Structures are given as structure tokens and as C-alpha cells.
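As C-alpha cells, the structure follows; a few thoughts come after it.
Read from first to last, the chains carry the letters A, B, C, D and E; within each, the first residue is number 1.
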Amino acid sequence: MSPETVILVALALPLLGAIGIVLAGKSPNLREGVTLVTALGLFACVVQLLDPVLTGARPAVSLLEPLPGLPIAFRVEPLGMLFALIASGLWIVNSIYSIGYMRGNDEKHQTRFYVCFALAIAAALAIAFAANLLTLFLFYEVLTLITYPLVTHAGTDKARSGGRTYLVILMGTSVLFLLPAIIYVWHVTGTTDFRAGGILPVGMDKGAVAILLALFMFGIGKAALMPFHRWLPAAMVAPTPVSALLHAVAVVKAGVFSVVKIVVYVFGLDMLAGVTDWLIAIAGFTIVAASVVALHADNLKRRLAYSTVSQLSYIVLAVAILAPLSVIGAVLHIAAHAFGKITLFFAAGSIYTASHKTEVSQLDGIGRRMPWTMAAFGIGALSMIGLPPAAGFVSKWYLVSGAMAQAQWFTLAVVLLSTLLNAGYFLPVVYRAFFRPLSAEAQAHPHGEAPLPIMIALSITAAGTLALFFFPDVPLALAQQLVAVR
Amino acid sequence: MQAQAGAGRRGRDDIEALIIDILLVLMAFTVLILVRIRHLFTVVVLSGIYSFLMATVLVALDAVDVAMTEAAVGAGVSTVLLLGALHLCKSEEARPAHKPWIPLAVSVSTAALLIYGAMGLPDFADPDAPIHHHVVPRYMQNETDVPNVVTAVLASFRGYDTLGETTVVFTAGAGVIALLRRRRKAVEKADGK
Amino acid sequence: MKHDLVLRVIGKLLIPYILLFALYVQFHGDFGPGGGFQAGVIFAAGIVFYALIFGLENARQVMPDRLVETMLSSGVLIYAGVGLAGLFLGGNYLDYFVLDPNPVHGQHRGIFWVEAGVAITVCGVMLKIFYMFASRGRSE
Amino acid sequence: MLDHFGYVVTVLLMVAGLFIVIARGNLIKKLIGLSIFQTSVYLLYIVPGKLIGGTAPILSPQFSVYSNPLPHVLILTAIVVGVATLALGLALAVRIREAYDSIEEDEILMRDQIANSNEGMNA
Amino acid sequence: MSIAAHLPALQVVLPLISAPLAVLLRRRDLAFWMVTAAAWAAFATAIQLWLQVGASGTISYHIGSWPPPWGIEYRVDRLSSFVLLLVSGMAAVMLPYARTSIEREIPEESHYLFYAMFGLCLAGLLGITITGDAFNIFVFLEISSLATYVLIALGRDRRALTAAYQYLIMGSIGATFIVIGIGFLYLTTGTLNLADMAGRLRGVESSRPVLAALAFLTVGISLKLALFPLHQWLPNAYTYAPSPVTAFLAATATKVSVYVLIRFYFSVFGESLVYEHLPLPQIMLGLSLLAMFGASFIAIFQDNLKRLFAYSSVGQIGYISLGLSFDSVHGLTASIVHLFNHGIAKGAIFLLIGGIAVGIATPGAVAPAPTFDRLAGLAKRMPLTCFGIVLGGLSLIGVPGTAGFISKWYLILAALEQGQFWLVGAILLSSLLAVAYVWRFVEVAYFRAPPAGHVARKEAPLAMLIPAWLLIAATIWFGLDTSVTVDTALDAARQLMGKAQ
């Protein structure tokens, strides 16, 4: 297959998978089988694209042209390649995990769940491969809409209200800020294509650039920059696999991916020199503030959610520094955070499935009953804090190097402070789990590890988190390509 | 001799205009009374009188075809229909519940706009007005060999309008059948309650 | 009113003239005021008059509902048909010139049929509406 | 003479008709107002078509000045439209009277509100 | 006789003849086939005309072979051919739907009259669109209006009667205003032919009767197209009319009125008169914003789904009139595209709501109003219907990939051209209101448990689903491939503004 065909197949496969899931809806085993096969097939497709991209090819396809000069088109470049690899790869693991979780908790509407999941992955891939802003925006919205049923999966009042927040913030920011920004870009340049080095005219008014940047940054609500981060904790009402894949990988990464992509391919790093100070400040504030909230959150998923808010801003911050090294850091962090955070969510879901515990304060001594889960949690936590031998260390290293190169002392201070805060809210969990005695109440309800599929998935991602520390070659190569093409 | 004829003619013309004006004033009175009266039977009778006056004015304005139609339709058909409907309904109008300020404002501003526009129109009976010069002369050439120009224009030049007009009548007829046809069951009464 | 002898006698005398007058208005429309519409209304008025004096049921025997409803649509069809005839004879829609080898005669012919169509529909509709209202009755 | 007297009276008639339509709540009176409104528009078309000393537009060797026939044609159509509207309006009024037992707008509105609130309670 | 040359006449005459034939035959099935065949023929004609106009420019057809301005001229240009396409296409799709739908809504003995009225309404709308004569517009407007009043009154709820009556009064006032406007124009120019009128107006620009005519036509037509403060007739009419009627009206009637407004503004008065001598654009801008926000806001709080989307229509009309207020090619393009796109989407939604009415009815009984408490958990029973409404709703919101996005794009473009950035914000903000009302439906239908003791529901019959889904598919199609819609609208706008390439 030519790379162009592979792109189309990769986009179509999850859609076909969704149809297959609907058809197989009556038989759960067949249905989950379809999901797994689709996920594996998809990953195989995406991997096929890796070699051409690494050797410098940029396969592209154009589908339709709804508006003159504004086609719906796809083009694979390093950044999108990486995002696609992560999303499709983790979908496999997450599918395995979902099987254990959804069955273990007797969730309803499972067919709808798997269908929406497949469609969400299709949308994420389309975002990854988008060749222009319009295509990106189109699938960005599709992703919002298609994940809405996943967020409100439980159908309770709480879920509905969470879903409403989710929709209002994501739709609102994208329609009110992102869309005008795209239209403005088109108005100024006559195109919305992503091009290396940016498309905005050289010598554009700095004020206009700053406003445009602000529109983009706040418009991409999925990047959860404060004050538009509220949807992320709200979305935690969803079942854990949703939180894991979508709110650690696909959705939020679609957000920061768009941030990086727009900064690199629409503005160009040079264009932004001198107009990103406020962004650094806001990203820095978000990192610290979210960490402080996480510190006080007792609900484990909520703590993880705020940790995500904080970690996403690392990526925004890294990009805002505008140093090539820090951009590499941002790209690596997309990968590192994806593996680390999905591990953490998996662990949280594992705890919930096995023991129905949701609060940090209930976790005393649980490490003795669920050693594997809590070990994996520990690895994820290391990655979040940025300690070796976890992936988070590599990305933070690049980030810090970039900041040093630009003499960004504020950034360094933020990173240092947040590292401490991260340690402050993750390590106590690990400590409680392994070194505190089981509470009396917990002793009355014995339980072991979570079901096997959960454990398999958990182990894979934890191993991945470690592996990325030792073998960051592929993401690094892609990131370097991204920066080199300037 | 000629001057005398001219003077006589002008006298006749003035009388023509005067008759028209008197009739118009009468119509205005009829309508003003009509606004006030709440007994619907009287209102219907007054509207019949109004139509007759209208028909008379139309004769004075040389619109004999229109006058004939207005007499037959306005004074005849409409009155019969109204009486028929009144027969099926109550014949006393309720006292208005609130002061009609908004309708009054709407009416007055419409009037102002109308006057504003009408004052710019060509004078009454101005032979130089554009309507007498642009399209009409050809109608007067009698290409269809039908002396009544109104009929010729109605049925031939603008025959398509008249097809539309016939269709309007047909629509009303079929519509009234659809609305007043006896239902096998009285459904709509049961619904709202 | 049904039993008012004077009215019945006058009606009997008058109604034929009303109907005749309607025909006059119809066919004299080319030369004087009048035409299909007025004729249709006057003809219908004659029947309505009849219905008022001799009762609705009698009128319905003279002009049965079936006939009236047929008139309703056939008038429009005649009119539109004249238009189509113009098409088939090689002219535009509603082109009367082509209805006869002599264009002016064609106009006469076209106008005649068109006016007939108008009269039929108008008469039918007026009667039908009258019937519908009259037969509705007060329903308490 | 008053050159625009005809127009002024026409406007008065129109506005009186319009006023009855909007201000009155009785369905039949509204329709009468509507037909006065429509009828008075006839004058707007016909009055300017009149030529003093002219005759009705029926061609004859005796006359040379004719009033304008085109407005007559248009107004013939308008009259027909007017009566068609009136017939339909009255038919509707009769049906409303049967369904609501009233032809006063306020009463009908009130009855609808009651029906609406009942609907809400049943649900 | 060669048919191709007479298509403009046949376009209107075929549906017009089908109606009396339907009444003459009096048989339900014959009437249905008669009117449906006429509608399909009209659609085929419209496609052919659209192609012809696209290939060789404006067509002028002289009825009765009398040349304009003496006779009545039919004039098909880019804009009218586009609107003809919309109107006849909608009728062609909706009639088969109506056949199944009215079985449950209208007593059987009235069916033939329903079809006749439908045919007349169609003929009237097509006639308004195609004619090049001012008075002829009025005549055909009345045909379609009278037919519409009857169609609305055929609804089963008694409130349908009052809705029809209210519409009759407001519609007749509007029509009379239009006659007054045409009268002023006629008295100043001496002609009734639109093109001729435009030519003769150049000499007498901005004289008082012309300005009065502009005002009366604007108000009269605005009544018909339900521009914001003049929309009062619309919500009740849409709510209580039989479902196919609501769908057809929503998709075509107001759109044709918009067409008439555009026709008068650009083809008769000329943009310089409309846009320079009066504060009309400002007024229209204000009213449009009021509609976009006011009506959409009211829509959010409606409990009856039909009424909700009726108010949404009023709001969406605001977008159309907003495009008109710009006085630019892109603004006009936005209006034209949106009248098409919104027509399709709203038509589809109302068709689907008709399906819901069937679905929630107990067999044999009158369908209850589609209020939200009856719709809880409906998506499970009627997945296709509900999903269709969601897709249609996305088009109302203007989500990319749907037709609604395309029109909003041009609207925003027009605002940007004039440097009105705040307006871009307003347009986008108002689409969030659309999100709110569409999402009310989504939440109720998808995420609320069905009411206890609810009747068994199943998907609407295929005969109703297929037409509705055809339109939904069209909504998506025209969101992705705009070669038909945008190209035609751009051409039409350029033609109207005298900026043809």
C-alpha cells in the first residue's frame, strides 16, 4: 500500500470498526473482538507510515473542498505521526483494559461505549493527520461531540451536569475563540494550510499576532489552560477507561498537539518572539495552581485530573519558550505524559474495580493487597514528577535545557516548584499504599488484584513509561525533525 | 362658441371631481361609524353600504368593470357571507379589554408613511403621469379587436394574472370545503380539553 | 321565507332574468363592462336567491353538489387548458394568436374560453361556499 | 382644487381598516376591518388612473380620452383576492367558534392557556 | 412544440393543474399521485432550468407571447433557478412522506383536499419565484398563502385553527402592504415588469413614493418572512400544523419571501437606493441580531419540540437578514446559501419530528404534542429519528461538515470584510444558543430514562424515515461539497449586485 492509501485506511478503519461493533452488539465477546482487531489493525497501519515519515516523506491526501481554497485534507508530518502512534497504540492497551473494567463493573450501554470509542479514535487520528486548520477544527469538534456520550455514560444527574460543563466549555471556547482565529488567519493569508515555518505574513503587527495567539491558546480548550480547565475535572464522571484514554491521551493530547502544531506550523517560532511572555505566565500559573488544587483533592481521579491540567501546561509552557530544545521537550512530553498518566488512571480504575475505593484517604495499606497496581502507580508518579528512570524525566530535561538556553528563570522556578508539588501529591499516595496499615473497615472487605485484562494493560503502560526513558529514539527523532525543518 | 364649450366642459369636470369628493367623504363617515359600533349586524350592514359607495365612486372614476365587480362582490357576496357567518356566531362584539395604544401607533405611523408617499405622486387626473404614457398606449391600439380594453388586458395581455386569480378563487372554494366539511367525528373538540 | 307567496312569485319571475343577465354579462364582456367573473357571481347570486326563497334543498336539486364541485375545478382546468393549447399549437403558454389561423380571431377564441373558465369556477366556488355556510347550521 | 384630496381620504380609509384589524378582538370584526383595508387600496390604484373628461376604457369612435384600464385590471384581481381571503377567514371563524365557543380573541387566548396548563399537569 | 423552450411555463402550470385535477377526481390515491407526479415533474424542470441558466444565462419567457412590459414575463436567473430548485425539491421529497404521515393526522375524506392545497401552495411558491412581474408576485403569493392557511388549519389540535386565523390576518396585512408598495412603484414608473421598473426607477431615484414603496414592501415582506418582531404568527402555525405542512413551510415559504425581498432590493430598487438613502441596513442589522439572540433564547425554554424549532427558525431567519444588511457580495451569498441550507436542515428536522409524533402516539389515537417529558429516553426506541434530528441540529449550530457551517462561514467573511469583528463574535455567540437548544433535545432523548409506564414505541415508518434522511444526507452533503450551493449563490449574488465576472 502506498502511504497515501494507508492514511485513508487508517482513517476508515475505526469507522468500519464502529459499524462492526454495532453489528456485533448482541454478542459481547464478538464485539470486543472486533474492537481489538480494529485497534491492532489500526496500529499496524499507523506504524507503516513511520518509516516514510522518518525518511522525510510527507504523504498527503485531499478529500473534498467544501469552501474554495479550504479543502478537507490530510498530511502526515512528524508531530502528527507521533500523536497518531500514541493514540492508536494506547487504544489497543486501553481496549484490553476496557474489557476488564466494563465487565468488572457491569456497566450499561457497552455497545454505545465501544462505538463512541472507535469514532473518537478516528477523530483523533484525523486531527493528527490534518493538513490545515479547517480540517483540524472539523475533527476537533467531532471529537468533542463524540466523546460527550462517553462522559455522560452513567446517565445520572451528576454525569449529565458534568457532560454539560464539558460540552459548554469545549464547544464554547472552540466556537468563540478558535473559529474566529482560524477565520482571521484565512482572512489574512488566504490559506489555512500547515506549512513549515508558519503561514502568517512576515512583519505582521505584533499586537495582532498576540491577539491571534491568545485566541488560539484559549480557543483550544482541550489544552485546559486556566481559566478554561474546568471541563477536565468535570469529565471525570466518565468511566475510568474514558478518563484514561481520552482525558490522558486522545482528547487532551489533541489539545496540546494542536497548540504545538499551530505554534510551529501557523505562526512559526520566529514570528512569536516577544509575544509569548503572558502565555508563559499563564501556563506557569496553571501549572502551579492546578498542582495546589491536586494537593488538596482527596478523590483520586480528581487529583489525577488536576495533575493533567498542570502537566498539559508544561507542554504549552515548553512551546511558549520558543527554544528548539524546549519544543522537543514539549513533543516528548506528549508521549511521556500519555504513558504515565494512562498508567495512573488505569491504576485508579483498577483500585475502583477491585475495592470500589475512590478517595485517597481510603487507600491505606492497599499496596499489600494490590502490589502490582500500586507499583505501576508508583512508576507513573515518578514520570509525572520527572524523576528517572521514567519517561517524564527526559521531556523535562529538554524543557529545562531549552529554558536555560533562553535564560527563562521564571520557567525554571515554576518547573522546580511544580516538581516539588507533584512529589507532594503523588508520593503520599504511594506511601499510604505501602507503608500504612489497612484500615479496620478495609480489613472487613477483603479483595485482591483487579481482573486480568486490567492488570495486563496496566503492566504494558507502566513498562512503556520506563521504556520511553531508556529508548526515547523514535519520539526524539520525530521531535528533532519537527524542529529541524524550520 | 368654442370658449363656451370649453367652459361648459370645465364645469362638467368640476362637478365630476366634486361628486367624487362627496362620495369619498361619505365613505369616510361610514367607516368612522363602523369603527365605533359593536353590534355586528349593524357593522355588516354598514360595510355593505361602504361597498356600495365604493362602487359608486368607482363608476365616477370610470372604472365600470371594477364597480360592477365591487357591487357584486363587496356589497353582494361579502355581505351574504358575513351574514351567514354571523348567523353561526355571536352577533355582539365584546368591549375591548385594554386601550388600543399600540394599534393606534401602528395605524398612525402607517398613515404618515402613506401620506408621505402619496404626496409625491402625480396630481389627481394629471394626464402627464407616467402610468398614462408608458405601457397603456399599446393597450389602446386594440390589437385584440376587443373594444373593452379592460377585458382585453385582463384576459389576454395579462391573462396569466387572471389564471392566477381564478386559481385564488378555486383555492378559497376548496379551502372552505376542507374547513367546513362535516367531520364524521368531532375530533378537534376533544383535543384541547 | 319559504311560504311567503309574494316572494315566491316575484322570485319565479325574477330569477330567470337574473340568470339571463348573467349570460349577457358573460358574452357582452368584450364590448361593455362585465366578463367571466361578474357573470359567475351574478349567476351564483341567482341560485342563492333561489335557495333563499325556495329553500336550500331545492336549490341543491337545481345545482347539485356534485355539479358545483365539478364546476369548481373544471373552470381552472379550462383556463389552464387554453394555455396548454397555445403550447401545443406552437406558441407560448396562453398564446391566443395561434388558436386560429387568423391571429385576431385566435384572440377572440382564447378570450372566450378563458372567460368561460373564469365564470364556471367563480360560479362554482360562490355556490359551494354558500352551501357550506348555509348547511353548517348553528351547532351548540 | 385639492389635488391630493382623494389620496388623503384613501389613506384615512386604509388606516381605519388597519386599525380595526389590529385593535379589535372580535374575529369577524377583524375580518371586516381587513376587507375595508384591502378595499381602500383599490382607490390608491384607481384614482390616479382617472382622467378628468375621460370615459371608461371601452373603445368607441365617439371618445378619445379614456381612463387608464391597467389599474382596473389589477384591482379586479385584488377584489377577487379580497373576497377569497374573507371567505376563508369566515370559515375559520366559524370553526373557531365551534371549537372554542367564542369569537373573541381574549377569551380564546384564555381558554388556550387553561388547556396548556392542564396539559402541563397531566404530563 | 419543443418542451425545452417552455420549461418556465410548465414549472408552475403543472403543479397548478394538478390541484383542480385532484379535486375533480376526489380519490385519495389519484390525488396523491397527481400532485406528486406534478411535484416531481416540477423538480425535474427546476433542475433542467438550473442547468440551462448556468450554461447560457438568464431565460426570459413571454407568457401569451406578449412582450414585456405589456405582457407578463417569466424570468429565470441564477437566483430564481436556485430557489426553484429548493422549493420543488422539497415538495418532491415531502409528498411521499405526507402520504404516510397524514393518515394519522387528517381525516381520510379530506386527503384529496390536502393534496390539492399542497399542490396549490407549491404552484404559488414557484410562481412567486419565477415571475418577472410585480403584480403577478402578489397573485401567486395569495395562492400560496390561502393554501397555507387551509393546510395549517387542517392540524388536529384546535389551536391550529387560531394559528391559521392569526396567520391569515397577519399574512393579509402583509400582502396588502405589498400591494401598496407595488402600487406606489407602479404609479411612479407606469410599469409592472420588474426589470422595466428598475430601468425607469434610475431616473426618479429616491423620490418620496419610491421610498414609501420601499418601506411598505420591506414591512409587508418582512411580515411574510417572519423577521423578528413580525414573527408572531410563526411559532403557533408551525407548532399546530400537520407535520408535513410544518416541514414544507419551514423549508420553503419563508425562504421564498426572503427571495422576494432580495428580488425587490437588488433587482428593482438597486443597492444604492436601499443601502445609501435610508438607515435600512442598520435597522435590519439590529433586527437580525434581535432575532438571532432573542428568538434563539426563547427557543431554549420551549417544552414542545416543534415550537422549539419554530423559534429556532425565527432565529435562523435572523442570519439570513443579517447577510442582507451587509450590502456585499459575500453577505448576499451568505443569505442565499443559508436560505437553501437552512431550508433543507429545518425541513428534515420537522419531518423527523413528525415521525416522533407517530412514534409516541398510542395506536389509533391522536398523536400527542411532542413535549420533552414524552421524549425522555426516546433515542433507544427511535434511534434513526433522534440521530437525524441531532445531525440536523448540528447544521443549525453551524458545526463544520454540515451545511450550516458553510453559510455561517460566508456570513463571517462578510463581517470581516467590513472590519466588523464584534459581529463575528456575535454570530459565533448566537450559535452557542443553538447548541443550548439542540442539546436540550439530546439530553432528554439520549440520557434521560424513559417515563414509567410509557407506551410501546418503535421507529417511524420507512416511508417517513427515508425522505427525512434524504434531506439529512443532503445537509451533510452540502456541508462537504459546496459546488452546487456556493457556486450558484456566489454567481447569483454577483449577478444581482451587477458585479458579474
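Everything below uses one rule, namely that a residue touches a chain if its C-beta (ideal position, glycine included) is under 8 Å from a C-beta of that chain, and two chains touch if they have at least 3 such contacts.
Keep in mind the model is a prediction, meaning the values are calculated, not measured.
Peer 1: What chain groups remain joined by touching if subunit E is not counted?
Peer 2: Connectivity check, subunit E excluded: A | B, C, D.
Peer 1: Can you name the chains that touch subunit A as well as subunit E?
Peer 2: none
Peer 1: Among all chains, whose Cα centre is located farthest from the one for subunit A?
Peer 2: Chain C.
Peer 1: Using Cα averages as centroids, what's the distance between subunit B and subunit E in whole Å?
Peer 2: Comparing mean C-alpha positions, subunit E is 31 Å from subunit B.
Peer 1: How many angstrom lie between the centres of subunit D and subunit E, each centre taken as the mean Cα position?
Peer 2: 26
Peer 1: Measuring from the mean C-alpha position of subunit B to the mean C-alpha position of subunit D, what distance in angstrom results?
Peer 2: 7
Peer 1: Once you find the CA centre of subunit C and the CA centre of subunit D, what distance in Å lies between them?
Peer 2: Here subunit C and subunit D have centroids separated by 24 Å.
Peer 1: By residue number and range, which residues of subunit B touch two or more other chains?
Peer 2: 64-65, 69, 73, 77, 81, 84-85, 88, 114, 118-119, 121-122, 129, 131-132, 135-136, 139, 147-148, 150, 154, 156, 158-165, 167-177, 179-181, 188-189, 192
Peer 1: For subunit E, give me the residues that contact two or more of the other chains.
Peer 2: Residues 16, 19-20, 23, 63-64, 135, 139, 142, 146, 149-150, 153, 158-159, 161, 180, 186-187, 192 of subunit E touch two or more partner chains.
Peer 1: Find every residue in subunit A that makes contact with two or more other chains and list them.
Peer 2: Residues of subunit A touching two or more partner chains: there are none.
Peer 1: For each chain, which other chains does it touch, given as pairs?
Peer 2: A-E, B-C, B-D, B-E, C-D, C-E, D-E
Peer 1: Please give the residue numbers of subunit E that touch subunit B in the complex, ascending.
Peer 2: 16, 19-20, 23, 63-64, 66, 69-72, 107, 109-110, 113-114, 116-117, 120, 123, 127, 133, 135-136, 139-140, 142-143, 146-147, 149-150, 153-154, 156-161, 180, 184, 186-192, 200, 207-209, 211-213, 215-216, 366
Peer 1: Taking the touch rule as given, give the residues of subunit E at its contact with subunit D in the complex, in rising order.
Peer 2: Going through subunit E, the ones touching subunit D are 135, 138-139, 142, 146, 149-150, 153, 158-159, 161-162, 164-165, 168-169, 172-173, 175-176, 179-180, 183, 186-187, 192, 303, 369, 371, 373-374.
Peer 1: Along subunit D, where are the residues that touch subunit C in the complex?
Peer 2: Against subunit C, subunit D makes touches at 56, 58, 76, 80, 87, 90-91, 94, 98.
Peer 1: Which residues, counting only subunit B, touch subunit D once they are in their complex?
Peer 2: For subunit B paired with subunit D, touching residues are 9, 12-14, 16-17, 20-21, 24-25, 27-28, 31-32, 34-35, 40, 43-44, 47, 50-51, 54, 57-58, 61-66, 69-70, 73-74, 77-78, 81-82, 84-86, 88-90, 93-94, 96-97, 100, 102-104, 106-108, 110-111, 114-115, 118-119, 121-127, 129, 131-132, 135-136, 139-140, 142, 147-150, 153-154, 158, 161-162, 164-165, 168-169, 171-173, 175-176, 179-180, 188-189, 192-193.
Peer 1: Hey, which residues of subunit B end up touching subunit C in the complex?
Peer 2: Going through subunit B, the ones touching subunit C are 64-65, 67-69, 72-73, 76-77, 80-81, 84-85, 87-88, 143-148, 150-152, 154-156, 159-160, 162-163, 165-167, 169-170, 172-174, 176-177, 180-181.
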